[in-house]
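What follows is a short report on a single structure.
Labels run A, B, C and D following the written order; every chain starts at residue 1.
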Amino acid sequence: MSGAGAAAVVAQVVGVIAGAPLLAGLMRQVRARMEGRAGAGVGQPWRDLRKLLRKEPITAAGTGPAFRLAPLLLVDTTAVVAALVPLASTDTPVSDRADLIVVVAVLALGTVVLALAGLDTGTAFGGMGASREMTVAALVEPTILLSVFALSIPSGSTNLAAIVSGAVDDPARLASPAGLLAAAALAVAVLAETGRLPVDNPSTHLELTMIHEAMTLEYSGPDLALVELGAQMRLTVLLGLLVSLFAPWGIATTASWGALALALVLLAVKVTVLGAVLAAAEVFWAKVRLFRVPELLAGSFLLALLAVAASFFLNGK
Amino acid sequence: MSLLRKIRDTGRVAEPAPPRPEQEPPAAARELGGSVQVRHVDAGSCNGCEIEIGAAFGPVYDAERYGARLVASPRHADVAMVTGPVTRNMAEPLRRTVAAMAQPRLVLAVGDCAMNCGEFAGGYGVEGAVGDVVPVDVSVAGCPPEPDKIVAALRSVTGR
Amino acid sequence: MSDSAYTQLLDLACGAFLLAAVVVLWRRDLATAVRVFALQGLALAAVAALLGAHEHRWDLLAVAAGIGVLRAWALPALMRRALAAGGEARESQPLVNVTASLLTAAALTLLAYAVSRPLVALNPTPATRALPVGLAVALIGFFILVTRRRALSQVVGFLLLDNGITAVAFLAASGVPLIVELGVSFDVLLAVLVLRILTTRMRAVFGHTDIDDLRELHD
Amino acid sequence: MNTVGAALAAAVGFAAVAAAAGMWLPLRARVPVAGACTAALGAAGLAAGVAALGGRTWSADLPDLLPLAGVHLAVDALSGVFMAVAGAVVLAVGVYGIGYAGGHDLSSRGVQAVLPGFALTLILVPAAASVSTFLALWELMALTSLALVVAEHRQRSAVREAGLWYAVMTHMGLVLLLVGLAWFAAGAGGESFPALRAGAAAMSPTARNSVFVLAGLGFASKAGMVPLHAWLPRAHPEAPSHVSALMSAAMVNLGVYGIIRLGLDLLGGGPRWWWWLVLATGAVSAVYGILQAAVATDLKRLLAYSTSENLGLVLVGVGAAGMFNAAGDRPLAALALAAALLHTVNHAAFKALLFCAAGSVLHATGLRDLDKLGGLRARMPVTAGLFAVAALGAVALPPGNGFTSEWLLLQALMHGLAVPGVSTAIVLPVAVAAIALSAGLAAAVFVKALGVGFFARPRSTQAAGAHESPPTMLAGMGLLALACAALALAPGALAPGLVRAGAAAGLSDVRPVSGEGLQLRLTQVSGSLWPLWIAGALAVMMAAVSGLTRGLSRRRRRTQARLWDCGGGAPTPRMAYTATSFAEPLQRVFDDVLAPEQDVDVTPVRESAYLVERVRFHSRVPDRIEHRLYRPVLNGLSNLGIAARRLATGSVHAYLGYGFCTLVTLLVVLAVMQ
């Protein structure tokens, strides 16, 4: 078991690190094409990262360790989550440690550290971004944990491997109302968590409208590369998590090399399709005013609550 | 769904890419490797060049396809795209903006005003051209310069 | 002493005891009030003596003698000296007119009987059957305290209240231990001394001993 | 006299020595000796607690010590948990107090003598085994803590007002406790806890319900639960910091101990609605407490409200345990109780460290207001680092110790659906949502406290003049930081003790939680948490990522540069985000719950109304429950007082008349009632 399992973990981490910029490039490309533009090509994010790695790192005067460690921690937490989450295979040496609450909390740790870095600069934009990011993160937390609750009911445990292998065994669970509601709630939560369009506009230039971007205005060179990579990896991991939770076909449940290879390919395809659909949908959305975001999150919280209620009342556990 | 139908009807608006400019990219640009993040600084321009820059990044000329991207903070930027003659109160901010950019960095002067104060030469409020305040690497002539000239200048920096 | 004679004498004493209280309530003249109070002290001493004789307890007889001396002779003497010190002899217009106070006294006596019925039912001896009388006298004493204006009648009311309580003690449990009795009597003595000083000071300040002039004790 | 008894005896001895030292030693020697003896007292208490957790029970009767009923002491695993927590906190605070008490007028004889007394009561209250002993120690604790809360009343008048609030509310709670426990002792026909246990079943349901509600309200007010929490955010900021550390980390836990001991152990479980009430109070307190903390700008008031939140979470665990026990699912109840106890231990560790760090900030700058602090990381690096460790615990995120207990609590709630009954199906998701919201807001609160308070540049001269705290304070805080780290990385070590505590509280002896990685083994629940592994993975991945980027990046030399100021000149510290501005989005999102008050007064120039001379803006977030609940009650009482004053006309006859009328009416009622 350990050979293929370990390979699965390594493949997942490397796949997420390498694939995240490509996914971001693809999403920008889809968006450009739908807006009639030619778009900068799928490899552009990699070129940006390569250029940023070559540039000179600047540390603003008066900032402390939080400012310097935040980019590292952002990528670090997302990479650990990529290792834990059963994207390619559910039978890995770490699969019994992959608890959904732990995954959510590790991602939240990355958000908290980045917010601290925003405050550490002491500039008005850093503080503004940190304050808004923490407000959104605080409001997303109930939705995520309630959808975790809804998902954990059929399989009796919050362990991700158990949930996913359970979903692979009887796909009817995903079509049940509880599954659909949980999927919708988690989708909105992922949008809020990764700062995509309805909540925050990643490609904005106007500082006053930023949430995630405002905290990173002081970063340059390799730090900025890590921050952008971290954001892209977080999006990829969360989309991967959505895929393995709600469309687990083809995920490797046994630790055989063939199943693993197939699972990796299928994972890449599925995440690419989901990314493209998200990019296409973003063309239709506009950024919601910051104080309408709680309405959006309250709606998704209601969906999650209904998911729990549905899963309890329907199959009469 | 009417938006979807509109998207399908308009199709691709961006014009086909003209051939790459053959002039060598400036020394500092060689390390950028096809990815340039641009920070636009209006040092006193009459907004004519801004309109053209907007058109350059618009769907028709689409400067993004060559790897250029407008960013909010000079820390993130490699190129400072400066327009207009440098007025007295914008001189110090312009120096600070360029100083805030990480090496390797370039300055792109857009428009006649940026190159030689154009119409506003000798004005009492004008400190001088962009070249007098910060070292300029690439410049685009014209008042205002056509978007494809701006895109060409950017392409000379990105090398794509 | 035969039982029937004992019960008759006891009832006679209690009747006198209650009657004295009513007469104090009735008469507005302070001198008669003091005299009637002395009679009531004698009645109380008689009740105690009868109980002591009936149960052959000599300490009770000693207590009866003490009460007789204190309440029939000592306290009235003190009060007479306060009266003799001058000032008015008659109770000025009391808060509740005499007829109403007599009717209230009747109601209070009925209330005393109603309240003490369970007490009497506990151990229906001739003594306990007379218990309501003690309670009635206590209530009447309290009523006098509330409605009379003169300082001296306040003293009389207070002493009536105390007599009532002592009577209840005797009738219910044939007397309280000697120590308690001594303590209570000593308290009463002190109270009277204090009240006497109060009356003299009031007379010095106000010229009369009307309680209503003590108005400053409020916000 | 096994180890528990010996340790308790040692604790009493050290307390006596410390108090004596506090009273009679000259000033220079007094603070160190008293502090050292208090620390030793804490160590003895910790030893007693740990021995009790190890399974050794101990009981003692000292009939002549307390006049009427004598003192009965009994220690089992459940009281062991709370004694160990109290002992550990007293140990750390004892060491911290040596440095902290140097300044202010905390080195006076009164404070130095009373502190060991307060510490001793904290350790002995869980050991009480009879109603009279328990109430005596409880009142002693209340009095000594009151004396310590008002220790600095000469410096600030607000201390007196806080002391008044604290005294009134603690003693109202004591009255409730007294009535409840007296009723229980009367109903059960016995005064010692074993007698209470035996007699509890025979009591009528109404008696049991009213005992639980009355005593429960008393305990809930001590634990700072919402309707009765008003004293907590007033007493903690005004008390000396090491005292508020003791109060927040040890004293409020005894409210929880009371509810567990009374509800689960003595009354033997009781109906389900009891525990639904406990759970609801806990959830409401958690959310309301953390909301108030989110908008608080006073650092210690923020920490006090965070205590209210964490205690709310503990009570959610206790409520869930009671509900599952009432529904008959005892293993799940043991799991929920283990989660509640673990969170009490975790909260004590990081809250004590937070208060000590706040104390050292107060010691260094004399300020508590986050808006005026800032820039302390550069000036007080060790305190900032320790505050960060505690904040990591408080935000309940993986490498921190708060996360393990919150994870366990969520597991217990999430797998509670197996328990039949519609009410659990409705209550549990709402409880999970409340916990999640409070955890999310807690993250925002402690990012604000750490980021606004310690990072960036100082926003006041006092903050600029800050200096690092004396070594003893750092040593005290270091001990607590070690405790936080140990609890974060190896919570499994506590698992057997917690299971024994659950059994002592009357729940099942099935082992729901096992050590070694905090695994969960229950019939329908499986799950495991590997905190050590997660921390290790994060560290390894961090090293890998930093190595990779260092390898790939071409220019490695970092250059210093000025902050990007949009070209407009160096940003002054006043432009940085303060606590108020940080909390403004949250305040706006929850404004109908918080009801903030803002008043703007414009003073025009004398000559013309159109020219404005000065605009003053003042915004305040009042504690809404105090407005809606306490103010009407207080107004009602004062009106009653005014009305009663009209009765006092001054005439003697009127007063006698009142007495006479009441006597007569009572007699009439008595007569009628026969």
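Methods note: a residue touches a chain if its C-beta (ideal position, glycine included) is under 8 Å from a C-beta of that chain, and two chains touch if they have at least 3 such contacts.
Computed from a predicted structure; not experimentally measured.
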Co-neighbours of chain D and chain B - touch as defined: A
Which two chains share the largest set of C-beta contact pairs: A-D
Middle chain, criterion being Cα centroid separation: D
Interchain centroid distance [CA atoms averaged], chain A/chain D, Å: 35
Gap in Å, rounded to a whole number, between the CA centres of chain C and chain A: 93
Chain centre separation in whole Å, for chain D relative to chain C (CA means): 61
Centroid spacing, where centroids are CA-atom means, of chain B and chain C in whole angstrom: 114
Multi-chain contact sites of chain C, meaning residues that touch two or more partners: none
Sites on chain D at which at least two other chains make contact: 554-555, 561-562, 564-565
Residues of chain A engaged with two or more neighbouring chains: 54-58, 217-218, 221
All touching chain pairs, where touch follows the definition stated at the start: A-B, A-D, B-D, C-D
Touching residues (chain side chain B, partner chain A) in the complex: 3, 7, 10-14, 17, 31-37, 59, 62, 64-67, 69-73, 75-76, 78, 100-104
Residues of chain D touching chain B in the complex: 554-555, 561-562, 564-568
Contacting residues of chain C [partner chain D, same complex]: 95, 108, 111, 114-115, 117-118, 139, 142-143, 145-147, 149, 211-212, 214-219
Touching residues (chain side chain B, partner chain D) in the complex: 31, 73-75, 92-94, 96-97, 99-100, 103
Contact footprint of chain B on chain A as seen in their complex: 32-41, 44, 47-48, 50-51, 54-58, 204-207, 210, 213, 217-221, 224, 283-284
